[in-house]
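Each of the next two complexes has subunit A plus one other chain: subunit B in the first, subunit C in the second.
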Partner chain A sequence: MNMYRHELRCYRKNTLLWICSLCLGAVFMFWMFPAFASNTVAISEVLRNYPEAVQKAFGLSADRIGTVTGFYSFIITFFMVCGAVQATALGMGVLAKETTGKTADFLLTKPLPRARVLTAKLAAVWTCVTLTALAFVAATLSMALAVSPAALDWTPFMLMSLAFYFVQIIFLTIGFAMGAIVPKIRSVLPVAMSTVFGFFIVGTVASALGQTKLYYLSPFKYFDTTAILETSAYRPSYTAMAALVTLLCVLAGYAVYGRRDIRAS
Partner chain B sequence: MSIVEIQHLKKYYGHARGIEDVNLSLEEGEIFGFIGPNGAGKSTTIRTLLALIRPTAGSATIFGKDCIRCAPEIAQDVGYLPSEVFYYDGMRVKDLLAYSASFYRKNCDARIRALAERLDLDLKKKIDDLSFGNRKKVGIVQAMLHEPKLLILDEPTSGLDPLMQQRFFELLREDNRKGTTVLFSSHVLSEVRKICDRVAIIRDGRIVNVDTVNALQDNGYKKVTLETRQPLPEGALAAEGVTSLSVQGGAASFLYQGAMPKLLTMLAALEPVNVTIGDPDLEEIFLHYYQ
Partner chain C sequence: MNIYRRELKANLRSLIFWCLGVLLFVAASMNKYSALSEDPSALGIFTELPMGLQAVFGVGQLDYAKASGFYGMLYPYLVLMASIHASMLGAVILSKEERDRTAEFLYTKPATRSGVLYAKAAAALSLVIALNLMIWACSIGMVRAYGEQVDAVIASLMAGMLLVQLVFLSLGLACAAVSSRPKTAVGIAAGVMLATYFLSIAIEVNGSIDWMMGFTPFAYFDAKRIVGAGEGLNPAYIALCFGITAALTLWARLRFPARDIRV
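This part shows the complex of A and B:
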């Protein structure tokens, strides 16, 4: 418990900053929604000028942007990227900071098994991510209700919100595994950003090519918002893949860090 | 009873040698010095004992328990002071020490206050604002606050001024009288001589000698200096038992271990104008092991 509290305290400011940025972003986007909704004709004109691959890659379509849920399905992808960066950085940083800050000697000579250290750390960053997701969903939901109370389609809206959280969890564990496996990560945020953007580009290319098999390579595609909007459901095979990736990353993190040599600084 | 028992401990980092074959045994209640040049394997040995790294071969036990498998249980009664002290930035000294204490099954508040007072450590300061020496003091308090049965100190005195070093040694002796065993790693021989009962010398990943400090000094080595009128011919002193030889023109000095008449015959043949034969100081023995 002491470690969990300590880690939470360490990430208090950081998490607050992420929550504020994501919520402000959400408020701003929804604030623009009425402008989009009342100009669907003009927007479809603009969209038609884009190559089909681009439209597919970003899931662009005018009638989609015309409803508040459809609009949400479009903008949430960008928030997912941000949330994924936060989660990857947290998962990676919570382990990497002991090595770069040279505090591993202090912590790992305390009377508790390494697995317990990992559990406390994972629990702390998981809490940060959960709080962020809760705040973000609260912000988007209240904004959606504010700008278009009647037209909100609850099921896909909530499934997409939950998808935001799930994507964060997947990236949290990916970051966690990287933090455990890579001996020294000096600056966490750039590494986290390139990891997330890498996966995002893979997903976008997969969409543009229409190669659904490639979807398995990108966590962003496990919860494809276009599909959620159409079917009001997750696709079981991708959901299973999401669970599998998360589980494997956590197990890998424990397995590697449990036996890792902590070299002298 | 042996508090620490190290058997054929070997550690390679990939192809790089950490330690080759370390065998050591620490008895309960002793202050045990562990000396050797940089890179000889002191820290590797210590880090293996603390389960920070896993040995390639061999084993070590602390309190009779395997140091890797039972690490968390052992750590309850072990205090460790790393050679370089690093803590979480932004924390105050007292918060860091309270955090450290929270891992042990006892209340350490009184002990923290007492140790801080003895070492002149301001508990209210932020760790970022502390000088190197003051950080070291935080490290000392951190290592001793739970009154461990075994203290492992990796070059503990670097950064401490002579007064603080003295107080620190007093603290060590007090704890030692209460039964604490101390493993004191250093490359400064004089401080090892001041406080340690027995000393192990490590070189190239192997223990080359373990002895009491007194015995090390009294091991039959003689320090010989000699002056001659003519420059010494090359190889004049290349005899059995001669080590650490340095020759400069007509002056030479070396360590000698062996029969005295043989030495005297050899010296007499060189027609010296001046000869001294005496006990070498510990530094010289130490250097001899290093070379």
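This part shows the complex of A and C:
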């Protein structure tokens, strides 16, 4: 419990900063919504002329793209990237900082099994991520209600918001596993950024090429927002994949860190 | 010279990882493209979409049926990778001495602070150029594999990429030169990079905020215009890149020798 509280205190400022920037970004994006909506009138006119098969291929229907939820399905991807950077850096940093800060021997000689240390740390960063996601969803929801001309389409909106949280959880555990496995990560943020953007680029190029099989490689595509917009549901196979990745990463983190040789400095 | 060589050696491994990443990315997308190019009708629907929607899918006036058009779609992602590399490298190379508690060791050596700054900046510049050349080689190899000769277009795209890399490298250096906390320096560099990247996407979606293009280097050199319409690099943005780089480097040069080093 002490350790949990200590970690929370360490990440308080960092988390507040992330919450503020994510909310600011959300306000900025939704501020652009009226301009986007007036553009999409023309788009949906053109789209109506296409056969239904083409509309299906793009995963969107003419009357949905101009709504707030349609707009949200598009912009949420970029917030997911930001949230993923935060989560990966948290998961990685919470373990890596003991070795880089030369405090590993201090911490691990305490009368606590390593698994308990890991649990406390994981719980702390999980709390940070959850708080961030809650604040972010509250901000987007209020902005969406403020700018939406019509009634909000609740189910897909909340599913996408939840997807933001799930993507954060996946990346939190990926970062956690990396932090546990890689012996010494000196600078956490650069590694976190390249990991997240690597997955993001894979997902985007896969969807530009229409390669749905490649979606399994990118956590950003496990909760494909255009599909959520269309069906108001997650796709079971990708959701299972997401759960599997999360579980494997946590297990790998515990298995490796529990018996790893950690050098005292 | 010793510091320069040491920094090169210290960052060689991460450079190799970056090169492998780029190579893998280009090879994989090329592989997928070869499957698609055999069925051009599947690509045609992209080009018939209206502008706003094309931005959503990341295509513009690019002819997907040509390898060069497909390459134009990949280019922004290559720039993104190179920018992450450059900004993080610039921030870390200068601030890592304090992070690793080796600052005392380095800065008590008979070398001036500005001398150290120059050596580290030169090493970072060399690494950034090396990554650029690697991406260049991959790009030419990829487009040529489909029998297209657009070396001149790729050369100007790579020149544009190098300019963007320079901007982000100097941004990273300036952050590390000003802040005496290594974490803050890297954080600010990363934050500015993320913010400008998302701003460039916002501009693409919403044409009415075009005036913000000056704020994001990712919008300076648009592959759609350069590949699609055969335009050159916009001279105003070239000048802007050099201006930002010079200003940030000068700022770093002025502030770094004067600031406290945490030991």
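Everything below uses one rule, namely that the second predicted complex is superposed on the first by the 238 of 265 C-alpha atoms of A that agree within 3 Å, B and C clash if a C-alpha of one lies under 4 Å from a C-alpha of the other, contacts with A are read in each partner's own complex, and residues count from 1 in each chain.
Throughout what follows, contacts are C-beta pairs under 8 Å (C-beta built on N, C-alpha and C of every residue); 3 or more make two chains touch, one makes a residue touch a chain.
Treat the numbers as computed from the prediction; the structure is a model and nothing was measured.
> Examine A:Ala151 and indicate which partner it touches, taking first as subunit B and second as subunit C; both and neither are also allowed.
neither
> Just to be sure I read the superposition right, which of the two partners does A:Met193 touch: subunit B = first, subunit C = second, or both, or neither?
A:Met193 contacts subunit C only, not subunit B.
> So, does A:Thr204 touch the first partner subunit B, the second partner subunit C, both, or neither?
A:Thr204 sits against subunit C, while subunit B stays out of touch.
> State whether A:Leu131 touches subunit B only (first), subunit C only (second), both chains, or neither.
After superposition on chain A, A:Leu131 lies in contact with neither partner.
> Per the overlay, which chain contacts more subunit A residues, subunit B or subunit C?
The partner that reaches more residues of subunit A in the superposed model: C.
> On the A-aligned overlay, A:Ala243 touches which partner chain: subunit B = first, subunit C = second, or both, or neither?
neither
> Contacts for A:Leu16 in the overlay, against subunit B (first) and subunit C (second): which applies, first, second, both or neither?
After superposition on chain A, A:Leu16 lies in contact with neither partner.
> Provide the residue numbers of subunit C that touch subunit A in the complex, in ascending order.
Interface residues on subunit C, with respect to subunit A: 18, 21, 25, 29, 32-33, 36, 42, 45, 49-50, 52-53, 56-59, 73-74, 77, 80-81, 84-85, 88-89, 92, 96, 99-100, 182-183, 186-187, 190-191, 194-195, 198, 201-202, 205-209.
> Give every residue of subunit A touching subunit C within the complex, in rising order.
Subunit A reaches subunit C through residues 21, 25, 28-29, 32, 35-36, 39-40, 42-43, 46-47, 54, 57-58, 65, 74, 78, 81-82, 85, 100, 186-187, 189-190, 193-194, 197-198, 201-202, 204-205, 208-211, 214.
> Write out the stretch or stretches of subunit B touching subunit A in their complex.
My answer: residues 13, 43-44, 47, 50-54, 71-76, 78, 80, 82-84, 86-89, 99-100, 102-104, 142.
> Note which residues of subunit A are touching subunit B in the complex, please.
So the residues of subunit A in touch with subunit B come to 2, 6, 10, 101-106, 108-113, 116, 259, 261-265.
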